[in-house]
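Structures given as structure tokens follow.
You will see two complexes here that share chain A, one where it goes with chain B and one where it goes with chain C.
For the complex of A and B:
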């Protein structure tokens, strides 16, 4: 199983949706950590929130996880099957699940 | 020969919560705006007779004064007469001991940064990713909140700050103001009432207002009002990005400290334009109503009963 410990592999202070929101944005997290882990994954990927020193807002969670479906072409069912969210706070898991459910691939115009 | 402008007298009670006190408070704020920004005058504001200043009104006063100072590029464009401790103990407590007086004198970017560095209750910033950790750490050390309160309030604050950056000033008519303010600025206040054992956190911007921002990006019913727009903006999925299903989640974060509360003492209060939005832990549904006076921008206040860590 592939494991991503956010506090160690990305930042202890994830914040914001876009790269323009700050250095530890969801956009950067998605591109640098989540996409490589999920793109060709066949085994579960555990994303661990342990060690994060600040509460994470929904804009970060949506852009990171919903963005995998919307912008990175990751299949929603595959993502739901392989993603394991590890957190002491149950609402992270609930929110991520809701954002993935709601996400639809962006249409290329 | 130029005539010396007499000091601008503040009302005895500065408050925007109370329907009776709000008009006179906002009239006073408008006078400051008009004198400095319209007439370009240096003024003296007399706060010596103030006996009460509410948290929200104090934060809005800080914002109004600071915008005027930054816009005219003169930190000393507004001078103040503060309440004297022996003559007006109550006023001294609300204006001086809270640190509001220091905030009102922070008329330059360096002085504003000092407010944060010195962990004053009143602060102002333009970079959410820098200010958010400082604010959360400040709350963690100052406010004896439960873990649940702390996590949900932190998350709410992060979304409120991001909202200022993404939405508050996103209109061509705001561009020159944003430049003068050094970015998409907000003013904030962490306020503790030891008598009521309550913690308040307030974020205030002087942008377009939540309702008008929502209306600017959505097809709106011509018969709808600002109250309807604010209600929508604070509903799940409500955003000015009408075509973007991924946006509009932040308002849920902002309501979370109230909706997940175990007690009936929590509230979220929003003043924006001519609308007032109230969500309390006592009631399931928020209430949004029209107010006769216009509040510039958007002011969001959380009030939580401290339950201990």
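For the complex of A and C:
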């Protein structure tokens, strides 16, 4: 199983949706941590939220996890099957699940 | 005669023990209810605070640098609320966690870009948050009352009006 400990591998203060919002944005997290872990994954990937100093906003979660479906073209069912969310706050898991459900792949014109 | 005397002499202490047990369990239930109610009240207070904060942020004119402060306040209160929900769960009141995640979604989704949205859109957002919070408060009270149903005292008027509504029972006037 692949593990991503956000506080260690990314930042203790993740904030913002796009790279223009700050250095620890969801866009950077998705590209640097989530995409390499999920792109050709066959085993479960655990994303661990422990040790984060700043609570994570909905925009960050939407862009990071919803963005995997919208922008990176990762299959929704595969993502839901492989993703394990570890957090003291169970509502992160609920939010992430909802954002993945709502996300639709962006159409390339 | 001796057996009867023995029975009567034991009946008194037995009734005292039974009475004590009834009083003890009743007092324990009342104390537990009171403790749980104070946790429920604290949870409701937090939901109200999230609602007030969010309305203030979304309906007012959010400045560019206010978003972090707002997110931090709402999410700190959400984390606190999560702890209370865990405590309530141990006391037999299981709340639907999706209500909390719904509030967090509504309050903080795209809060970083509030200053770029028009007033109408922000007002709609504020209304959505208030509705989510009211739904959560109602849910908390409903779940509490499932475990500790409210006691409704029957007044004499109610009792007699029920009596009059049942014609099969001969009323005093029909005699």
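Methods note: the second predicted complex is superposed on the first by the 109 of 109 C-alpha atoms of A that agree within 3 Å, B and C clash if a C-alpha of one lies under 4 Å from a C-alpha of the other, contacts with A are read in each partner's own complex, and residues count from 1 in each chain.
As a working rule, contacts are C-beta pairs under 8 Å (C-beta built on N, C-alpha and C of every residue); 3 or more make two chains touch, one makes a residue touch a chain.
Just so it is clear, the model here is predicted, and its values are computed rather than measured.
Following the overlay on chain A, a clash is recorded for the pair chain B and chain C.
In the overlay built on the shared chain, the residue A:70 is in contact with chain B alone; chain C does not reach it. By the touch criterion defined above, A:94 reaches chain C but does not reach chain B.
Counted by residues of chain A touched, the larger count belongs to B, out of chain B and chain C. Once chain A of one complex is fitted onto chain A of the other, the partner contacts of A:57 extend to both chain B and chain C.
Contacts of A:23 after superposition on the shared chain: chain B is touched, whereas chain C is not.
In the superposition on chain A, A:103 makes contact with chain B only, while chain C stays out of contact range. Listed for chain B are the stretches 81-89, 153-161 or 171-179, of which 153-161 clashes with chain C, judged after superposition on chain A. Note: residues 15-17, 21, 54-59, 62, 89, 91, 95 of chain A belong to the chain B contact set and to the chain C contact set alike, using the contact criterion stated above.
Across the complex, chain B is touched by residues 13, 15-17, 21-24, 53-59, 62-63, 66-67, 70, 89, 91, 95, 99, 102-104 of chain A. Taken together, the chain C residues at the contact with chain A in this complex read 68, 71-72, 75-76, 78-79, 82, 97-98, 100-101, 104-105, 107-113. If you check the complex, the residues on chain A that touch chain C are 15-17, 21, 54-59, 62, 88-92, 94-95, 98.
On the chain B side of its complex with chain A, the touching residues are 127-130, 132-133, 136, 150-152, 154-155, 158-159, 162, 165-166, 245-246, 249-250, 252-253, 256.
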